[in-house]
Amino acid sequence: VRTRPWSDVASTDTGSRLPESGRVEAFSDGVLAIVITLLVLDLHPPEEHGKVLHDLLHQWPGYVAYLGSFAYAGVIWVNHHQLFTRIAVADVGLLWRNLALLLATSMLPFPTAVLAAAFQHGSQADKTTAVMLYCCLATVMACTWLAIFQYLCGHPRLLSSGTPVNFFVSERARSLLGIGFYVLAAVLSLWQPLVGLLLTTAMPLFYGLTSSGWSRAAAQTEPTSSRP
Amino acid sequence: VRTRPWSDVASTDTGSRLPESGRVEAFSDGVLAIVITLLVLDLHPPEEHGKVLHDLLHQWPGYVAYLGSFAYAGVIWVNHHQLFTRIAVADVGLLWRNLALLLATSMLPFPTAVLAAAFQHGSQADKTTAVMLYCCLATVMACTWLAIFQYLCGHPRLLSSGTPVNFFVSERARSLLGIGFYVLAAVLSLWQPLVGLLLTTAMPLFYGLTSSGWSRAAAQTEPTSSRP
Amino acid sequence: VRTRPWSDVASTDTGSRLPESGRVEAFSDGVLAIVITLLVLDLHPPEEHGKVLHDLLHQWPGYVAYLGSFAYAGVIWVNHHQLFTRIAVADVGLLWRNLALLLATSMLPFPTAVLAAAFQHGSQADKTTAVMLYCCLATVMACTWLAIFQYLCGHPRLLSSGTPVNFFVSERARSLLGIGFYVLAAVLSLWQPLVGLLLTTAMPLFYGLTSSGWSRAAAQTEPTSSRP
Amino acid sequence: VRTRPWSDVASTDTGSRLPESGRVEAFSDGVLAIVITLLVLDLHPPEEHGKVLHDLLHQWPGYVAYLGSFAYAGVIWVNHHQLFTRIAVADVGLLWRNLALLLATSMLPFPTAVLAAAFQHGSQADKTTAVMLYCCLATVMACTWLAIFQYLCGHPRLLSSGTPVNFFVSERARSLLGIGFYVLAAVLSLWQPLVGLLLTTAMPLFYGLTSSGWSRAAAQTEPTSSRP
């Protein structure tokens, strides 16, 4: 690797520039749009003659899980955008960490389907397992956010000018709080899985309401960018 | 949220600007392109030996539902674009309402599949249920359009300059009329499900023909933007 | 429609401009990228213990159909791009016709799967049916191309400057020739379905080799846009 | 083809310009984003009552294959971007070769699913077959990279200025080394399929760590584009 003949022409080599954040964002947007739309594939049309209404109603955990995960992916998209408006350039460390976030997000349809299946025809233990799997993935996802925040704190040059230095302090606190909530939901699911399901699928509301975008909106009802 | 150390530097904080409408539109386009393409996954290749032609013909409700939902998603895309050419900047309230519209749109493959399955091997009651489910989702979707129009009426600053103030009056009328049609289709499906199916899948024609884009085209056959 | 209160302010109404071709193209690109990638979902992993190699080999019609449809979608993308570099602005008539093309393209995975299934475990009649279905869709697709070419011939204002007026003459000839080939393949499949399958899946080669892009490349080996 | 009436107006015909690399890249990005997200569809939620935890654990080869292929597609995306930052304009030869790369990438979910299925309920021979299929596709993919590098070496006009001429020498070496590794994994799977599985799914690490992007990052910790 180090013996590459062109490694000493780095400063004039315009062709090998690191990807700007715009491209990373476009790819992430694509993945998020696909994940949020693929979720519907786990809602199955009833096939049994004469029992469509019954089967549709019986599928209610599928709808709860669908709505929860849709909101989750939606909030991730909003937060991802909010974050990337503060990033000017992406280096490889950020690329890796962003790919880890996309990995966790891409997996979302799986625990969602497990949740829906377990609450439809699973035992008590099955339901607890399903909630725990979902909380596991959500915790991993929160950790990838933490890794991104941590990395950006240590690499302020990647940030766009005007980003307050202590921005990531509050963002990290939010991620840690989220992890705490998911651990709580997992523990509660040992006692009563339904409580775990509802807590888990309601979590995006918390993330949504505390996102910097939403909080700004609460503070000021008019968008700043329309000011002359 | 209010205790964030940087909340008093809002006016100089260029990093936390609200997302411009272009990004919201790109994400919405992605979701719509995926929904419109995923619909095909509910057309199943016949597997029975020697009966491919028979099974293909027997699957006709699947084709009707597919065409109806494809046209529906296509019209949503056209209308969404027509709307967003009038929007200059997106705030969080609009983001929420747009996400609600995308939620309803993303679910479209599900009632489509239920419709196709019920009319292929369901009872009379199954078919009525399927039409009603489809009409339900379509009504929810019309309501999300209404919510967006209502919001834009109250937030004229989000609009691009030159948008006529009474634009949303006619748009709202169109949504309300659409809801009326879907309620009618649902009621008729109690009597004759097939009528409900045909009305439901023909609805996009109504939306398409009355969209501002189409009507403008009817009034003038040459595009305005090609004028010097 | 005509009674809209703002219909008399059309000339100053910058907000309701018709979509530029760039957006139509981006949406079409999205649909094409999804179609080309969804095709893989019809290749099924063998599940039977001890027979993976046998089942993989037995699935050969699936690979032929996959490769044929992948090439087909790829050529559509290239041709679509070649066409839209000649279009400056999209009006509603073009939008409708482009949506019809996308409809035909989006359905591609369905006859592909029918083809694969029929040649794996279908009767002779099943195979003929499958080839005919594929040719049917391909003919519909060629007709949507014809409709677009016809429309552009009658609306030269939509074209970008510098497009030769007789460009669409050769394009239409190509589409008509394509329809002829597909009709031939359908007829031959009555006699020998395998010939129909091979002709059908080899057709994209014809479209690819005669596309204006390819032919230009044959005439000049260096790209024009890299000239100073 | 040669008789096209407008083929002699090529130099003034701005409408038929070859696609710039930006569009090829956007389409490739779309395909890659979809492939990386579709992989999750091969993780199946357990349906058996009371055995969700057991079935989830039993599905471990599915997770290994998923992670391996996700990393693979992620590395392809990074490498594709690194490559296209060095390409200024795409001609038809490059378009063909890029489409071949996308073909190999789009098929990725298939051998991934075969791998997962074979290691869950297949015989020893099944597992060997599955590893070999995966290595086959990976080798084909490496060959499409080689074809692209080879083509660019012979068409330096397509490259953006500043790209070192011997860049593709090291890239080709990397592809050849990758092919060697996959052949090794295939051979080892004859003896012990599990070793083949682990080697195969760990390969993206090799590609990732030796990509020009990563190596540059190792050499310099600050991104060049943020310099004033």
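We call the chains A, B, C and D, going by the order they appear; numbering starts again at 1 in every chain.
Rule of thumb we're sticking to: contacts are C-beta pairs under 8 Å (C-beta built on N, C-alpha and C of every residue); 3 or more make two chains touch, one makes a residue touch a chain.
Nothing here was measured: the structure is a model prediction, and the numbers come from that model.
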item: For chain A placed onto chain B, the superposition rotation in degrees, Cα atoms, nearest 5; value: 90
item: Of all other chains, the one whose Cα centre sits farthest from chain A; value: C
item: Distance between the centres, which are taken as Cα means, of chain D and chain C, whole angstrom; value: 25
item: Rounded Å distance, chain B centre to chain D centre (Cα mean); value: 35
item: For chain C, residues contacting two or more additional chains; value: 26, 30, 34, 38, 41
item: Chain C partner contacts - residues on chain D that touch it in the complex; value: 1-2, 4-7, 9-20, 23, 26-27, 30-31, 34-35, 38, 41-42, 88-93, 95, 99, 102-103, 106-110, 113-114, 116-118, 121-123, 125-126, 129-130, 133, 157-158
item: Sites on chain D touched by chain A in the complex; value: 26, 29-30, 32-34, 36-41, 43-47, 49-53, 56, 66-67, 70, 74, 77-78, 81-82, 85-86, 159-164, 166-167, 169-170, 210, 212-220, 222-226
